[in-house]
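Take a look at the structures below.
In the two complexes that follow, chain A is the common piece, with chain B as its partner first and chain C second.
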Partner chain A sequence: MKPMKKLFIPFFAIALAMSYAPPGRTATAALRVVATTEDLGSLANEVGGDRVTVVSLAKGYQDPHQVDPKPSFILEISRADLLIAVGRELEIGWLPALQASSRNAKIQVGGPGFLDASQNVRILEIPTGQITRAMGDVHPQGNPHYWLDPANGRRIAQAIRDRLTQLAPADKAYFDQRYADFDKRLAAAEQRWDATMAPYKGAQIVTYHRSWPNFMERFGLQVMGYVEPKPGIPAPPAHIIDLIGEMKRSGARLIIVEPYWSLKTPQSIASQTGGQVLVLAPSVGGVKEATDYIKLFDYDVSQLASALKQTSGK
Partner chain B sequence: MDPAILQFLAAPIVASLIIAGIHAYLGLHVVERGVIFVDLSLAQIASLGATIAVLVPALGGDPHSPGVYWMSLGFTIIGALIFSMIRGHEANVPQEAIIGITYAVASAAVIVVMSKAPGESEHLKDMLVGNILSVQWPEVWTTGALYAVIGLFHYVFRHRFLQISVDAKAAAAQGVSLRLWDFLFYASFGFVVTRSVAIAGVLLVFCYLIVPSVGGILFSDRIGPRLAIGWIMGTVVSMLGMYFSVVFDLPTGAAIVCTFGIVLILMAAVRPLVRRNGVVAATASSRDAA
Partner chain C sequence: MQLTEAEASFQAIVDPYAKADFFLSAGPDGVEVEEGYITFTSLPKNLLLKVGKMRAQFGKVNTLHTHQMPTVDRPLVTENLVGGEEGLSDAGMSLSYLLHNPVIFVEATGEVYTGDSDVFQSNERSKLNYVGRLRAYRDITESSNIDVGTSFAFGPTDVGLDETTPGEGIEAPVLDKRLFGIDATFRYRPLRRAIYQRLNLRTELIWSRQELPADLHANSFGMYALGEYQFARRWYFGARYDRSARTLDDTLTDTGGSLFLTFWPTEFSQIRGQYRYTSYAEGITGNEFLFQFNFSIGAHGAHIF
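And then the complex of A and B:
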């Protein structure tokens, strides 16, 4: 067991070194913002600038439904001044337990430091009335992938601006100015994206899961089916056969998949319909090009437009 | 290490030590009986029960409601009944085969049930499987109390439980009801596993059950020393795994599982040295004499 003891010394040194980061902050401390996804983290950075430090928990290449918490998550949340969550039950599998473990009263649901980013945005697919099996796969609180519409990104940024202003009223002018700047850049980018997507309005596409309704609505595309309506649960054969038939009939050729799903089923469908599988980034950090919120759309729009150009021959 | 993190890890550490304690003991039985995958199988049966309960609207559909717990416990008891029936049948079907089949069918049944569920059910799986990092104190205390009761039950009847695990034929010859004691074993085992999986997840619970007793077998042929080695190993690996998890910022459960693997390899590597010192030879000869 003696060599073990020797091993401990370097490990301990590393631990000490890693724990040493925080104490740099003083009187005009930056607000500590923890975002559950990189999309929200990117928007918080846009608005907060150097008055905030932002940590994003789930990386963009991970499925935000399923995140394996690490000790650093609890530590970050325990020290956070503001916790921004996607909400709509997206993080229900992992975030509530971390909030409870953090023993940070500020960032509990309803606390001054908890922001559910979905409160003021446009949510699609909210079921009305009783949810029944016949309706298929629905989120009781609507589709949680709402950040994939730039108009919603703007609304999230507004909510972040307002909350940051509440937490640090002295910096109101700074946050207002940062938001205005982001708003301007986003509006310019939206014109660019709309122009790129304009020729493909009304095109029919298939997506793997229901992650893209906001994105497709924004750019005027029609989602005509899903590969696996319930991710992780293989679709019944009848569903795949129906989907292939539908795709042939409607001329839909493009199947959009998130980076964390297997490409096998989509590829076999594509090979039977003469279609093409396209991996798009559902989040900032989902591909290396998508380093912030605007670049995420830059990437997805250009990929989608060139794939539509190939498959539709326009 | 950052002192703040210790505060947050206190509950997971205590939970892992409680789990290590009872599972190292139950693992000895499981390995003696040669039913290595029985915990995975029972855990899967329990999760089938929980899945059905969540999807029954009358039970509220909340994965944390008491109805879900009772339903999964009820399914575990049914599983215990099945496993207590399979021993001693004349048809030459190995117990492991039945256990494996039960595991596969229960897993598939979960998928089938979920596919018929209204609403998003895919993250239901994650809600049923715990993460040791997020365990809360009240859960730790009730689990500790429950395991203490079960541990006491096993302590009181330790000779009987040991006899049917090690030498069932002799026990049967003495007129002991194998069915009854098998059922009591699997039912109490099911209680523990259902609870542990909800706290720590399937992989970690499997390791806490099997690896310490394998570690014990490497160094001793007797139950007492094996148990002692298992407990020491479970405790050391829990602490070491937590430590790695913090220092390298790894998912805690996976870090402990990998630490179990590394420590077991190290133990296997030093075994020849220990054997040369005569420890294994001594225990072996003392058993031969007995």
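And then the complex of A and C:
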């Protein structure tokens, strides 16, 4: 037993010493908000201002389906007053495990501190009929990339305003004013984006994953194909050959790729179709310019318009 | 070729205070509840309580179901000292405490089991199996992290039953066993390329002290070190070194090594091949090729971390 004791005691002492944290950092009246993505985090900052501290778990440049449920995230949500999730099973592979281990009753599903941001937004691609894995990793509750429509961004901000008001009723006027200001800035930005995208209505494009239906619908673009044959399924050569053929027939020359995919296959397709690969930010933080929700659209709209101008000559 | 295991998992929220997890496994020996427990998620004081049948929080490999393993088999040290495939899995209670602080994740877990597993056994109700674990985790960068733990298990065994029961009606002596383990895991997964690249390095060191009849003891040590690297979207390659003495005879030490390659056609299925070399203490060597096909159907479960 002696060797065990010799090892166990110093190990325990080291772990306890590592757990020591200087006091004083937690003494603040601000509500602790944890958002699963930087988009939701940005919207929470817009509405919550200095009455909240916001931490976002997944980075904008990582695939939100492929997030590791790291214990450091448990630490974040264990102290949260409000946990905001995208919902529609986007985080099904990682968030339930974090919630269950958080020791925080407030942020469990159904708790006062849990907000599923998808409840009042416009959801596209809700499958009908029988869903099987033969369709790939289809989300049965519809496409979860709904934040890429500014109208949905506004609805998410409303839901955050309402929930923050429930949690801190004394700050209602503050949250109302912050929301109204955001709404005004978003409306002005939407006019700008609409004007920029107006010449390209009806343009046909290809995307890697089904991340963009809300965005494309909002700006009147047509997605004529996907690099992935089905959501989450790597592309076999036959699919790529078909896609190249369809792009040549339809005249689609732009391939939109999220920053977390390899560019090898899209570039190979582009080289055979005379097309262009464009990396857009699917989330705040996806590129360094997209530092908040409005700047995310500023970036994507300007990049897309400029690429469409080149490929369509308009 | 055989269907080693088919596992059905059911996970649901019971009410605002609890979550239930059930894993039923069907194999050549029949159907059994591999794990079935309720987790109380809303306890005060940073506590988390699990009640039911579960795999004990002893090290890393013991907590993993067969299909979650990076290899076809389990390490030699698990086979020799920690109950093999079934491992330390029993009915009981697990209470864990999260040390709240903004710097590092530290979790202390205490568990008590009935003493009816492949590691601990007793017919006496008062003879229980106790498990303790302390785990510390910290992000090094956004893409890399370190996860270390130490575990302890104590309980009764009926090993040596055959040798010490010369006739009917004579009660076999209950012999205590203690296990102590240290585990360390380093993970690297660049966030921008999380779909294509990752590296896991893991080691577990386990000491076993088994009481034997006639006031003798076996002090056995075993370990493994494993590395697994994802080098393309669908391909993983890894290697493992094994070394372990036997539970009942610490003079006999087996050693071995494995190379393994996994292909994931999609994230719902995987095909794995493993070459395993084992040098047994008796002087026999084994060269084996193992193959495994894993697939999952139904709702998308949580990833293991």
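Keep this in mind: the second predicted complex is superposed on the first by the 272 of 314 C-alpha atoms of A that agree within 3 Å, B and C clash if a C-alpha of one lies under 4 Å from a C-alpha of the other, contacts with A are read in each partner's own complex, and residues count from 1 in each chain.
Keep in mind that, in the parts below, a residue touches a chain if its C-beta (ideal position, glycine included) is under 8 Å from a C-beta of that chain, and two chains touch if they have at least 3 such contacts.
If you're wondering where the values come from, they're calculated on a predicted model, not measured in any experiment.
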Partner chain(s) touched by A:125 [first = chain B, second = chain C, both, neither]: neither
Touched partner set for A:190, first chain B, second chain C, both or neither: neither
Touched partner set for A:236, first chain B, second chain C, both or neither: first
Partner chain in contact with A:70 - chain B first, chain C second, else both or neither: both
Touching partner for A:111 - first (chain B), second (chain C), both, neither: second
Contacts of A:102 with chain B and chain C, given as first, second, both or neither: both
Of chain B and chain C, the chain that contacts the larger number of chain A residues: C
Chain C-contacting residues of chain A that also contact chain B: 11-12, 15-16, 18-19, 66, 68-72, 74-75, 78-79, 89, 92-94, 97, 100-103, 133, 137, 232-234
Residues of chain A defined as touching chain B within the complex: 11-12, 14-16, 18-19, 65-66, 68-72, 74-75, 78-79, 89, 92-94, 97-98, 100-103, 131-133, 135, 137-140, 230-234, 236
Complex interface listing, chain B residues touching chain A: 1-2, 4-5, 7-9, 11, 111, 114-123, 125-127, 131, 133-134, 136, 243, 245-247, 249-254
Partner chain C, residues of chain A touching it in the complex: 1, 3-4, 7-8, 11-12, 15-16, 18-21, 25-26, 59, 61-63, 66, 68-72, 74-75, 78-79, 89, 92-94, 96-97, 99-103, 105, 108-111, 133, 136-137, 232-234, 259-262
Chain A partner contacts - residues on chain C that touch it in the complex: 11, 13, 16-17, 19, 39, 41-43, 46-48, 98-107, 134-139, 142, 145, 147-148, 150, 152, 178, 180, 182, 187, 189, 191-196, 207, 209, 233-234, 266-268, 297, 299-303, 305
